[in-house]
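Two complexes follow with chain A in common, the first pairing it with chain B and the second with chain C.
Moving on to the complex of A and B:
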């Protein structure tokens, strides 16, 4: 089922929790809704489920406006952030509940419940009450309940937040496989960008109730449209340095507190021109930085701390009042207090407007 | 040998537990003390006095002549007792249905369907009025409302709307009047308790149920009622016990009449003691009622699974008593 949100606004009093949202989710697509806490993700899901009425705008399921269709008639499966498992029903009764309301025959209900329970590895918990199973198990029961009725649209509100790292990774794959197998259009809310990147066909990034951008994980990672997306997607996050902008012929000079970078023509032509001496923000990911010998077009700084990440080391370098993170190999030997030269992979730098945060890269 | 060891262990553990119990009780005494004192003063002392009095033939002379169980024998042979018991059961059951049932409906209407704080407050205040009115005033309002003449409020209303002839409501339907008047007082309490409980159900449960395809009726049946099991149970026990022993509104509205048509147990005892000055006999009637009330309370607590409620707050015992919970869910 294709889902379209058109100019959707939801207010709580004067506060706009969802601000003019336009979103198209294609049939069978797995869409992640990514954003920091309080940005309106849950509110968006509740609007799709019909539990909140939008103050303005339209929701379309397969070209039909469903603004006035009741939640119970939308055939949606939803997994709540709080799980919302009924404490007075056993796990089995919980999962069977949507089917019972559909008045399916007992035999069929039993069969479907057992099927889905074995998919989510909860067969042995069926007779227990939600209060008698762990948080991770509850989450899987909630998922099973959302999926058991084979909904047209699946809404998942942070369904993996309570699982341990191992289980989370295996559940990611499990959900993804089930979703593809059943071809259910899915909206998956998360504030974990790694989860969004690894699972989704496309990601919609939200901030403060507004849609920031929507695209494939690779798109958002390689060509962030603004500073918010650039900082939110990718781990460890992108480094930002505020610099002065000087146009020197075809070359751009970026002037920091105690460094100067000149971008050669083939790189500077990727960016929109600005007035001389305007402030811009230089963005570069830790994996596009390295530590090397003293040379022009590098940034000199002092090592503040070295973090071990297992495979790599993350070196925190103090540059003036700013700190930048550099990803280095395991064999990096630098210590706290060492003065180092940070080399930039200039092909991978981003420039953002200091005022509105928009990327200065030419689109397309 | 291992069995013996186990037994010894068990004994030691039991002893330890009882010591711990005593210790705990002593620690709690400063907190329980005032309540224990009040319970003894206002409950145990009167019950004991009533019991002693019930063994006497005390009359207006106020002399303590012990006559053994004579009063009790008389009670079980008294010809009015049958109708009194019948009235009491009718009174308690039907008043309870109005109290709890109507309170539940109002709570659902105001806190599930309307969900507007102001309307809810208005409703609750209106229903609270009879409770805030002194019993005498409330009873007078009913007497005035049911006045047997043409000018009586209900009579003139029915006369104007449907052309019905005036009638003496209290004389013709004493039990119904008593039940409705008492029922309406209790409604507010049940409504407030149930509304608060409905509002404390996390909204995600209602949302999950709607998304799962539940209609309003399904939500009431599968979500609200199970969540309200404990408050409903509490209200039922509480109201049963207070109805069994209450008589002031009946006294004021019908005084048990006409003849014994609306005489209930506690009022019967009152009449014997304070109208006939048969204090000994009155005390015996109360005594039987007290014993009966205690038995009813114990049965109700057992039926509703009092243990399970008390254990509910206890974190380490919530796991593993699935069978227990299962049993209670049936209600």
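Moving on to the complex of A and C:
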């Protein structure tokens, strides 16, 4: 089922929780709504569910406006962060509940419940109550209950955030695989960019009620449209340094407190031009930095701390009042307090407007 | 002084103060215990000594259960139809109060409508209002709508006056149910009414039990309205019957009074024994934003 949101606005008093949202979710697509808490992503999900009514705008399911269709008639499966299992019913009754409300014959209900229970490996739990099973098992039951009625749309509200780290990673893959198997259109709300990156076909990034950008995980990672997306997606996050901008013919000079970088023509032509002496923000990811010998176009700094990540080391380097993170190999030997030269992979730098945070890269 | 001696002294001190506390509590509760003991001894004996020691055990005082009783020249009604009236009164009050408070409590907890805050505040004021002050006005109203001398009339009055408290109590229980559970019910295909009774009500069973118990006890011990609004003897309730037993001081039969009083208390005691657990879980929820 294709889902379209058109100019959707939702206010709570004077607070605009969702601000003029336009979003199209293709049939069978796995879409993540990603953003920090309070960005309006859960509100958006509840609007799709029909639990909140938008103040203006339209919601379309397969070209039909469903603004006034009650949640019970939307045929949506939903899995909540707290799982919201009914504590007074057994696991079996929980899963059978949506089918009972549809008044399916008893035999058929039994068959469907058993089918989905075996798919989620919870057959042995059917007679227990939600309070008697673990969090991971509760989550499987909640998913089974959401999917047993074969919904047209699956909504997941931070379904993994209450699981421990190991289980979370294995559930990521399982949900992803199941979604592709069933081909069910899915909207997934999360504040964890790694979750969104690893599971979704496309990600809609939201902040303060506004849609920031929408694209494939790779798109958003490689070509962030603004500073917010650049800082939110990717772990460890992108480094930002405020610098002065000087145009010198075709070359761009970036002047920091105690360093100067000059961008050759083939790099500088990727960016929109600015007035001389304006402030811009230089962004670069830790994996595009390295530590080496003194040379032009490097930044001198002092090692603040070295973090061991297992496969790599993450080096915090103090540059003036800023700190930047550099991802280095396991064999890096630097110690706290060492003076080092940080090399930048200039092909992978980003420049953002210091005022509105928009990327200065030419689109396309 | 060794550490051990100090510890012993502290222990002695705490157990001494504990004894003092228990003593105080026992003295404070003595009058109540004494009253019940008198009631019990009096009901099974011809005479009591020292106020509470039964002498010459008899079942004579319980004769109202199987025969007509007369005190002086007055013949009293059979107790069983009166008991039935009391059960009917308390039962109807319980049923109505539970049903209405469950609907009203849900609305006050879950829905937003103009005047909600006003209703929440005024219901409490209404409860603080002394019922006796309304006696004459209520008489007029009941008379006007033809409900005087009818048990239904007393039921309506009692339910109206008890409802605010019951609604507040049950609202607190609804407040505790997370929205997500209710939402899940809607997503699974419930209408609002279905979500209410299939998913939410089963989870506030302790609250329903508590309201039901309070309503039943209030109905069972209801006296002033029954006494004022019911005058045909076939509509009497146990409380009125008991009052009539004391009616004439010249021929007062204390043994009979004690037995009838005990009889009146039996359902209350039974109820408390059964429902202790639910009563303990009651708490009053505040207003959630």
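Worth a mention:
As a convention for this text, the second predicted complex is superposed on the first by the 364 of 364 C-alpha atoms of A that agree within 3 Å, B and C clash if a C-alpha of one lies under 4 Å from a C-alpha of the other, contacts with A are read in each partner's own complex, and residues count from 1 in each chain.
Basically, a contact is a pair of C-beta atoms (placed from the backbone, for glycine too) under 8 Å apart; a residue touches a chain by one contact, two chains touch by 3 or more.
What you see is a predicted model, and the numbers here were worked out from it, not measured in a lab.
After superposition onto chain A, partners chain B and chain C are found to clash with each other.
Applying the stated contact rule after C-alpha superposition, one finds that A:286 touches neither chain B nor chain C. By the touch criterion stated above, A:132 is placed in contact with chain B alone, chain C being left untouched. Among the options 8-16, 260-268 or 314-322, the segment of chain B that ends up inside chain C in the superposed model is 260-268. Put simply, chain A uses residues 46, 49-51, 70-72, 76-78, 80-82, 84, 86, 88, 97-98, 101-102, 145, 149 to touch chain B in one complex and chain C in the other. The part of chain B that touches chain A in the complex is made up of residues 202, 204-205, 207-215, 218, 222-223, 226-227, 229, 318-320, 322, 325, 329.
Against chain C, in their complex, chain A makes its touches with residues 46, 49-51, 70-72, 76-78, 80-82, 84-88, 97-98, 101-102, 145-146, 149. Within the complex formed with chain B, the chain A residues making contact are 46, 49-51, 70-78, 80-82, 84, 86, 88-89, 97-98, 101-102, 127-129, 131-132, 145, 149. Listing the residues of chain C that touch chain A in their complex gives 178, 180-181, 183-191, 194, 199, 202-203.
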